[in-house]
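Okay, so here's the structure we're looking at.
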Amino acid sequence: MIPWCAAAAIALCAAGLYVGFFVAPTDATQGESYRIIFIHVPAAWMSMFLYLVLAFWAGVGLALNTRLSAMMASAIAPTGAVMTFVALWSGALWGRPTWGTYWVWDARLTSELILLFLYFGFMALQAAIDDPRRADKAGAVLALVGVVNVPIIYFSVKWWNTLHQGASVSLTKAPTMAATMLAGMILMALAFWMYAVAVTLVRVRAIILERERRSDWIKELAPGA
Amino acid sequence: MVWGGWSEFWAMGGYGAFVWGAYGVTVAVLAVEVWLVRRRRRLARDEAARIRRRGA
Amino acid sequence: MIGTVAAVVRRDLLLAFRQRADVANTLLFFVVVVTMVPLGVGAEPNLLRAIAPGVVWVAALLAAILSLNRLFAADFADGTLEQMLISAEPLPLIVLGKTAAHWLVTGLPVTAMSVVLGVMFDLGAEATATLAAALALGTPVLSLVGAVGAALTLGLRGGGVLVSLLVLPLYVPVLILGAGSVEAVAAGLGAAPYLLLLGALALFALVLTPWAVSAALRISVE
Amino acid sequence: MIGTVAAVVRRDLLLAFRQRADVANTLLFFVVVVTMVPLGVGAEPNLLRAIAPGVVWVAALLAAILSLNRLFAADFADGTLEQMLISAEPLPLIVLGKTAAHWLVTGLPVTAMSVVLGVMFDLGAEATATLAAALALGTPVLSLVGAVGAALTLGLRGGGVLVSLLVLPLYVPVLILGAGSVEAVAAGLGAAPYLLLLGALALFALVLTPWAVSAALRISVE
Amino acid sequence: MLEARDLECTRGERVLFSALALRVEPGTLLRVAGPNGTGKTSLLRMLCGLLQPTQGEVRWREKPIRLLKEEYWAALAYVGHLNGVKDDLTAAENLRASAGIAGLDADEGTVRGALDAVGLAGFEDSLARFLSQGQKRRIALARLHLSGAVPLWILDEPFTALDARGVAELSALVARQLAGGGIVVLTTHQEVPVAAVRAATVELGREREPRS
Amino acid sequence: MLEARDLECTRGERVLFSALALRVEPGTLLRVAGPNGTGKTSLLRMLCGLLQPTQGEVRWREKPIRLLKEEYWAALAYVGHLNGVKDDLTAAENLRASAGIAGLDADEGTVRGALDAVGLAGFEDSLARFLSQGQKRRIALARLHLSGAVPLWILDEPFTALDARGVAELSALVARQLAGGGIVVLTTHQEVPVAAVRAATVELGREREPRS
Amino acid sequence: MKPRHKRAALIGAGLLLLAGAVTLVLTAFQQNLVFFFTPSQVAANEAPAGKAFRIGGMVESGSLERAGDGLTVHFRVTDTARSVQVKYTGILPDLFKEGKGVVAQGRLGPDGVFQATEVLAKHDENYMPPEAAHALEQGAKAQKTMQGR
């Protein structure tokens, strides 16, 4: 499964970049700077989506006391943080040419920054606890508390009039975006998704090996892993 | 084809620094993550194998 | 049930009063921060008036964060916390009691003090009242959310920093709304939406955090 | 003798490193103060430049005061302090070691951080260097004088506040000299007299306070 | 009736004990014995529901305590290693606070009576800071006098720091609790000086050696 | 030779004891006995020079310890109620730190040897936080193994929290110290399991009743 | 009360409070809680007087004038209903164009001119190639207002 996802990520990424740079036209107002969209939006989407997945696994782990789901949660966090960082970084670099500033304290930007801190907090908390069982549970509580932030990020552009633009793509109305631009964006989003799955799975295997090295079944698994 | 040539491509209509700055850092960050995660898996696997050898 | 909350609040207040440190320290912290600011910035009234709400809010945040490690640490160290975990009363209630006591010795003095500060900085009656109201609604959120962080990091090595790292991002909305409300009034607008949102935050926190804290405590005390 | 000081410093640093809190807390404290100030006050560069030195010195003072109760309290509570009092080595030396460790985890990070802050707030090279130099000379005084307060109030009920009350008046000269030095540079005058006075204060404190602390500890532990 | 099934305890990476089963009927004294660091305290904390077993479960009157929660804790009094005594409160205030936390209501008379019973008459209004080690321990033990009707007592080294008379008094108290149909689980490194009709011992750490 | 003359101890407003005199020759075990709260710990702390007597003085080799100070303390090892063990240091680090504070220098081998001697082999690098009560106590007692040549030991309830083997080992250690011409002063509520050639007992709080 | 009933009571009380919280949030969103003010709000005196605030809208077509120093610009910000005169000295963002979104920070002078200290361009959610944009330009632009909510 991991090789497949990795291959898919690479292929989709190549296709997305091709469409993004060589097929999609220049934007009428932003010129070429809009091409940052092909990483900004996928990364922003993944940053929120991964947090939801993380919280889901954490909640399952807390409720059912299944170790594997807790490990999934821990495995997702670094990738989520990376995605959040990429969204912030690309957004800031995009904001300079379009808005005229790298950063403002508007609702969308602030809440995304908070998301990054939540990821960091989750990882720092787990790293600080020696006992893995306690680390899992404590992290889960934090992850669940932080979930409130995700809808705030998503709806912030609706609730407040922000500097950040509203949604170009939504389920309820037609995208306000040229088809080739949209295609590039979707391809890149799929690529980022595949990337996240691949990296997370590799990481979760590593975590399993680290945690369960003493139990018997892992010993059979180890050489072939 | 939307580009008149490579230099135009790299210039990105004058926004080269921003576009390539964003892409470059993204690629770098993802590459570092991949490297870290693979290293972690390798270390974990070696450790598990060592324990297995010692235990067996 | 109410009796339990009351008993816990009474106990914690008694302790705080005995150690006195807690209450007075928060106030002193304020006085220090606030009297030092004119020293550093220069005493231009307009400038001071402009930064006063921000300074007060930052100080409130710092006070809350810095007192968080005291919230459960002592009870953890001397075994009282274990007794709370095996109480016949619901743990969230006990947690609520402890958080209420924490607010009474940090948030309340800050709120009360803010009135004095508002007058000192010549904010005007309405802005001062808004500042106090915003603090009255916002500081409970600081205590409640902070309790989650404190419970999660209880007994951990990096405790102090971790708490800040966990709790600060969650404090940012309170800070923005709180400082925003005063600015809105100073700008001649109504503070109502800010205060409403702060109130909503407070209610949310009041309902949700005690459960989170309880779960975190059970995990941390294992 | 030097061995004892070194052993005590090493132990306290190890503890600080284990708890990590201590070192990182001070740094985080700065990051918090600094990021919160623009959040609360508004991010106008000129305004921020004007208040930067004040903010740094206030933060240094607060960091020192807030960490004072940690200086002897833990050792008192778990019995280590008793062992120090009956050591075959002179107590002032041990005290010096503990104070040095305290400075290393509070004063030194503050000093180092001030350089970064100076750059961030665009103070200019000379003012930044002066700020750092003043902090390097002033923060040891804060630790040494603070230790006297901490030792006197050890185990007392009102500890926290008392310490601040005892210590703050003694801190004021340091604050005035320290802030004065940066202002002198900003005004185009030399900072030398300020720095020389700060240095003199530091030497006085270095010689006199360890004895005072030792005496205070013996009384407090009875 | 307290019951444990197939209990396993893992601390860090070490398994302290596993497949431990026990069953304590009303009126029985259970002593948990074993050298230092073999998991006695850990077992007691599991029985209290403070520590989750990595395997197995603890049952009270045929129901898992994991589900009973407050209902179980209402039937339990636990005195741990740590006294749970605040230096800055007086003996009486300490006891009253403990009662409040436990959800008992204790009036002035009950509190004074309990302190009297553990030999702290005259010290009710001294700050715990100014009491000796043994006197602090007595404040913790006074909780047992408050919770008269509680059927299950779990005591971790209750005799620590007590003088000979204190030990005798506590023994008598335990014997009374047993006679009344209660259950007492305790650890102690000394010989248990309790005349119990029904007693049992769990021995931990028989074959185990510390592993690095 | 340790000597106390006309000692009086006042705590708060209560006189705990007065006109207490004692004289301990080399090779003697002195047990301080008495019920809880009668001043045993206070007496030991006076003998250490941690507490100033309100009357009288303590003398070591015919000189008042008030004047000897560091010279006296170099001849003294004290293990109090409190272990002086830091939760955030490992066992070995704790012991090394104690040595540093006491002004002894302990190399790696000595430290490991001392921990081994108190039965903590294998736990040298565990954080004290993760050790059991008895194991923490053993770290405190390991200090006695470091200070080999120290003639005077003052131990406040050293047997607390130790298991049977721990008690036996400590007793043997105390006996060795006595045999080597050392002096040991200790309190304990249990019977002292030390085979001492020369032993004495100070009984505190005979007639005293707690006064309010 | 049995523990189970207590738990139920607590949950009930919690739900009540949550409902209260939601009401408060909804009420808050009815009022205006803004990152910037529209020219209509400014005209209706809803914007702060004598204080710095942000104003948002579109740069009115044909209103842009550059002063002689090449840095100072005058333009009008409109939300189609009302408009406000703005003066700004400094570098404009690249996306600053007539007919496009803008957010300016500054304060309202006594003469009714908004003295901006910072001008940001606000982009809407439409992405399209220039040809398409051109085709749409005539009809759409007239109604297009700022993405206010």
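Every chain is named by a letter (A, B, C, D, E, F and G) in the order it is written, and numbering of its residues begins at 1.
Assume contacts are C-beta pairs under 8 Å (C-beta built on N, C-alpha and C of every residue); 3 or more make two chains touch, one makes a residue touch a chain.
Since we're looking at a predicted model, the values are computed, not measured.
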| item | value |
| --- | --- |
| Chain hops separating subunit C from subunit A, counting only touching neighbours | 1 |
| Graph separation of subunit E and subunit F (steps between touching chains) | 1 |
| Maximum centroid distance from subunit E, chain identifier (CA atoms) | G |
| Inter-chain centre distance, subunit C versus subunit E - centres from mean C-alpha coordinates, in Å | 36 |
| Length of the line joining the C-alpha centres of subunit B and subunit D, rounded to whole Å | 43 |
| Distance from subunit G to subunit C - Cα centre to Cα centre, in angstrom | 32 |
| Subunit D: positions in contact with at least two other chains | 18-19, 39, 42, 157 |
| Multi-chain contact sites of subunit E, meaning residues that touch two or more partners | 12, 70, 74, 81, 88 |
| For subunit G, residues that touch 2 or more chains besides their own | 3, 6-7, 29, 33, 94 |
| Touch list for subunit C against partner subunit D, complex | 18-22, 24-25, 28-29, 32-33, 36-37, 39-42, 47, 50-51, 53-55, 57-58, 61-62, 65-66, 157-162, 164-165, 168, 172, 175-176, 179 |
| Footprint of subunit E on subunit C - complex, ascending | 3-4, 6-8, 10-11, 14-15, 18-19, 74, 77-80, 82-90, 94, 221-222 |
| Interface residues, subunit E side, partner subunit G - complex | 69-71, 74 |
| Touch list for subunit E against partner subunit C, complex | 48-52, 70, 73-74, 76, 78, 80-86, 88-89, 93, 96-105 |
| Contacting residues of subunit C [partner subunit G, same complex] | 1, 88-90, 92-93, 183-184, 186-190, 192-194, 196-197, 199-201, 203-204, 206-207 |
